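Each chain gets a letter, A, B and C, in the order it is written, and its residues are counted from 1.
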Amino acid sequence: MADKKMKKAPLGSLQPDPDIFDWNDLPADDVFEKASGQEKESFIQDRKSVSYWADAWRRLRHNVVAMVAAVVLILIMLFAFVGPMLVPYGYAQTIRGAENLHPWHTSLQDQLRVEEEIQRRKDVLQAAEEEALTAAALPSWEEFKDQYVAEQLAAEAAKQGGKLTRQRENILKAQMANEAGKAYAALKEQAAADKDAVTISTDEETVKKELGIGNRPFGYSRAELERKAAGEKVFPHVFGTDYLGRDRMVRVMIGARVSLIVGVCSALLVLIIGAVYGAISGYAGGVVDTVMQRIVELIYSIPEVLVILLISATLKPFLDDYQNAGKLFSGLVTMLGPNLISMFIAFALLYWVTMSRIVRGQILQLKNQEYVTAARALGAGGGRVIKRHLLPNCIGQIVTTTFLQIPSAIFLESFLSFLGVGVSAPLTSLGSMCSEALAGMYTYPYRLLFPAVILSVMILSLNLFGDGLRDALDPRLKK
Amino acid sequence: MAENQNMEAQSEKLLEVKDLHVSFFTPAGEVKAVGGISYELNYGEVMGIVGESGSGKSQEAYAIMGLLQSPGKVIGGSITFEGEDVLAKSREEMTEFRGTRAAMIFQNPMTSLNPVYTVGNQLIEALRTHDKKITKKEAAKRAMEMLELVGINNVDKRMKQYPHEFSGGMRQRVMIAMGLICHPKLLIADEPTTALDVTIQAQILELMKDLQKKTQMGIIFITHNLGVVAEICDKVSVMYAGKIVEQGAVNDIFYHPSHPYTLGLLRSMPRVDADEHERLIPIEGTPVDMLNPPDGCPFAPRCEHCMKICLQKMPPHVEIGEGHKSACWLRVLEKKKDESVGAEGGAEVRESKQKED
Amino acid sequence: MPKYIAKRVFMALLTVLVVACITFFLMHAIPGNPWLSEKTPAPSVIEALNKKYGLDQPLPVQLVKYLGNMLRGDFGASIKMSKNRAVASIIAEKFPVSAKIGAISILWSVIVAVPLGCLSAYKRSTWVDSTLRVVCTIGISMPGFVVATILLLTLAGEGRPFPTMWNVNDVTWRSYVLPCLALGFYPMCYLARQTRTAMLDAINQEYIKTARSKGLKTGKIIFKHALRNALIPVITYLGPQIAFTLCGGFVVEKVFSIPGLGRYFVDSIQARDYPVIMGTTIFLATFIVVMNLIVDLLYKVVDPRINLEKGGN
């Protein structure tokens, strides 16, 4: 046999052979007295028993990843819920004159400098052009036009063989004026090019670069800068503004808020429906249980996204009517829009199946335990003990599954919003913001990055914290 | 008989375990699963290892087979198999060792066989992993012979079946067949009958005795059931909290138990020949926390004869009879009295000994 | 075994039927009629259109007629987006592109995920494992459009290896790379996680101890004994991942401007082109159900214990 690994050194014995007995080494006689009960008690070191919840909390606290995720989540929640209160702009508020601002700006002074410089350059260009023209000794526009028209008329007349009618002349004159203009411009250009005109740019960005003007953070419109200069406090557009002049940061905050609320509400919806269904199915047992489980199987195999899209397509007319009728909740309906509502409906119809299976499993366990209790006739004490032991198991799994439903729902909602079948304008969601930003992606990637990053971080933290919850609440060993 | 000659020719012992220490290095601390045990096994002998859950009996078996999973490690002592140092073997050597020299069967036959492969596949695999030259046909033939040996009928059909198509007892037979198929010298059985019905238990034990007579292999039989021990074992080691507290021939253990723990075990067993209203006497107290084992005898808090010294120092092993050892300060006391008093005190000591029984 | 197949096939058919009925009734529950968004035509015209599309008959009759047509491959014709073009032909034209991209995506995700999951399980608690876990967790937290746009920004465009948009006239292997990468990323991460968990579970089973005690080599233990058992729960997740890839394709098609069925479907929803919506939904649903059925049958190949019930011990 080939020896691929080194042979390990033989391990020595840790203690001298316990069979060797030194009679001379015996301890004194009094030690051979019988030990009292107290002495025996102190011998045993009891391990403190910890309650289930305390143990779970301790495990969670020591999970670094989960704790970091929790902190990030809290920050995001502050951003989404408290943020809009701090920013004086509304998410639907369009600010005139502040359209398409970038998250950076040039200060007022710098802007004036740039404008001056551009004007100066334009003047220089103009002067150079005029110089070139005089050098080229071009005729004036009037002269050129008359000459050009006359030439064209003569050529036309020659073609027709004889003089042209007055009518025809006028028509031609009108046509020629245009062409004359073009020809003249061409001549000018030619002349300017010939004269080695100075090539200086009048483009704003290039001028800025050449002047060495940097950008300052945050976006401001011209008007806002002027107000600032006048001493007014103006809140900056940290992420810039969109094509309608709406502050992007507030929209991102609201988008995050919508995503979170949708996530939590969906999770709660799934929990309630799933728990009720599962509990009934498990508790009833027998035929009822079998039938209910068959239904679950059927629902499980229906492709959910398709149904959501379907429902959203069909719901709009109904909701429009509902809104207009001014009934209960119509304000809410208007705000959410038909797509979100159809998403909730689809959740209520389809997404609860996993939860119902878990709850049913727990109920079945509970049922068996109860029978055992009844058989042993333990009395009231038994039931309470079982609830104390079994409930942590149930609740642990249910809490974890519900919590992990939140990032799933947010994922789905952003997916739908991106496709355009999510939230309706003017309400925004991170998904729809990404969708809008798609067009200008290469020139202004920041428009896409802000909502995308916040969305990903949000889902990630929720997933990580959910994983941590599961590890903490599950009494089995961590994998 | 050829087997007898074989036995006489082999003067060396099959297995010798000396002062074995196994510890698990967990995040909570070091758990001393096995705290220095020693025993010997000869060819054709059946050694029973008795103890409750957590006494370390399975871990020391894993140590012999090299199956200890991290965070478990052998940290001291030696294991000598047919004169070779097992602990010094490389990984390659150990994979070769397992199955051909020593084999192990486990407690739960329901989960010990891979459910997605046929029984025949798993048997043939055991053969072909150690003998690369054997043909599939040859291997299949030997596998079927083995199955017949362990008492399974319709071998042709059975070879192509999956484990879930076998009953519990039959699965355990398959396990035994798989363990023996490469003719190992040592079989370690880790509670093989615990998960089976009593009647099936009896069948499996009969089978094992039968096979053992035929092959003269040594068996280490790990169990917590004293009835099974009485049925099949020649020698017994009683373990508590990772230490051997009493060791000896099976008759000595059952008729002259000399450790309070052994006594406790025997007393707590329900017996067919007991009086009608005789109470079962359980052992008081709870098992030891292996994370922080205290100094002294681990059984002390549960012992009715506990002395002060028992709480302070671990008692040494005392020879009580031929091959019969017990680790108890009571025995040390007796021996001291025996030696110092001489023949005169002998009667007194025997009297006090009888009182304890 | 035949009983198992029959049961699954029956459930599949039932599901498709249910989806078809749901679709049908939803479409017809809308107030008004499909012609309203354009300039309201004259009543006589409406009548004629209704008659042409069979909308003047009672609902159950319409349903039966529709189902009958469906079985013959006739899904009606588009009303708005491609006027009067048979939905079936639209599907036939656009589906292959989506299918190709979807198939490649799922294939590469499975081929990469399983070995990664095994590696992660085998090297548990080492830096290899930790890195893979982090990557996969991040991967399942990023919606498809985020991944797609990141890929576009970094790997596509001028002077970079891949095109930014799907050019129908110039389809090379490069056109497929980014969309398939984006589409397969989520399933890959998800399946890798599941494989890891399943492998860890399998490695902790008793039969692995038996295999080790038989003296089998480590490689054989992992790839023969553990892997096959680990694949069983992983196959459970394959079905939903296929459905996910199909729907994820909608987003990828939008980002990369691929003229596939997904994009057309989403557009049709916004345009309220009902025949297209109906036909495509039923087609896609049927496809998903058939894929799930195949995956279910795959179970039997891997796990001989399956009789009537799905699942393990």
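Basically, contacts are C-beta pairs under 8 Å (C-beta built on N, C-alpha and C of every residue); 3 or more make two chains touch, one makes a residue touch a chain.
Bear in mind the structure is a predicted one, so any value in this text is a computation, not a measurement.
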Notebook entry, point to check: When the contacting C-beta pairs are counted for A-C and for B-C, which pair yields the higher total?
Noted result: A-C
Check: Centre-to-centre on C-alpha atoms, which chain is most distant from chain C?
Finding: B
Item checked: By mean Cα position, the chain sitting nearest the middle -> C
Notebook entry, point to check: Centre to centre, by mean C-alpha position, how many angstrom separate chain A and chain B?
Noted result: 61
Next item on the list: Please work out the Cα centroid separation of chain A and chain C, and write it as a whole number of Å.
Entry: 23
Next item on the list: Would you mind pulling out the distance in Å between where the CA atoms of chain B average out and where those of chain C do?
Entry: 55
Margin query: If a residue has to touch 2 or more other chains to count, which residues of chain B qualify?
Written below: 96
Note to self: Help me check something: in the complex, which residues belonging to chain C touch chain A?
What the structure shows: 11-12, 14-15, 18-19, 22-23, 26-27, 29-32, 137-138, 140-146, 149-150, 152-153, 157, 164, 197, 200, 243, 246-248, 250-251, 254-255, 265-266, 269-270, 272, 277, 281, 284-285, 288-289, 292
Note to self: Per the contact definition, I'd like the list of chain B residues that touch chain C in the complex.
What the structure shows: 65, 67, 95-100, 103-104, 106, 108, 111-117, 125-126, 129-130, 162, 164, 175, 178-179, 182
Note to self: Looking at the complex, which residues from chain C come into contact with chain B?
What the structure shows: 205-207, 209-217, 220, 224-225, 228-229, 232, 302-305, 313
Checklist line | chain C contact footprint on chain A (complex, rising order) | finding: 297-298, 301-303, 305-307, 309-314, 317-318, 321, 407, 411, 414-415, 418-421, 431, 434-435, 438, 441-442, 445, 448, 452, 455-456, 459-460, 463-464, 467, 479
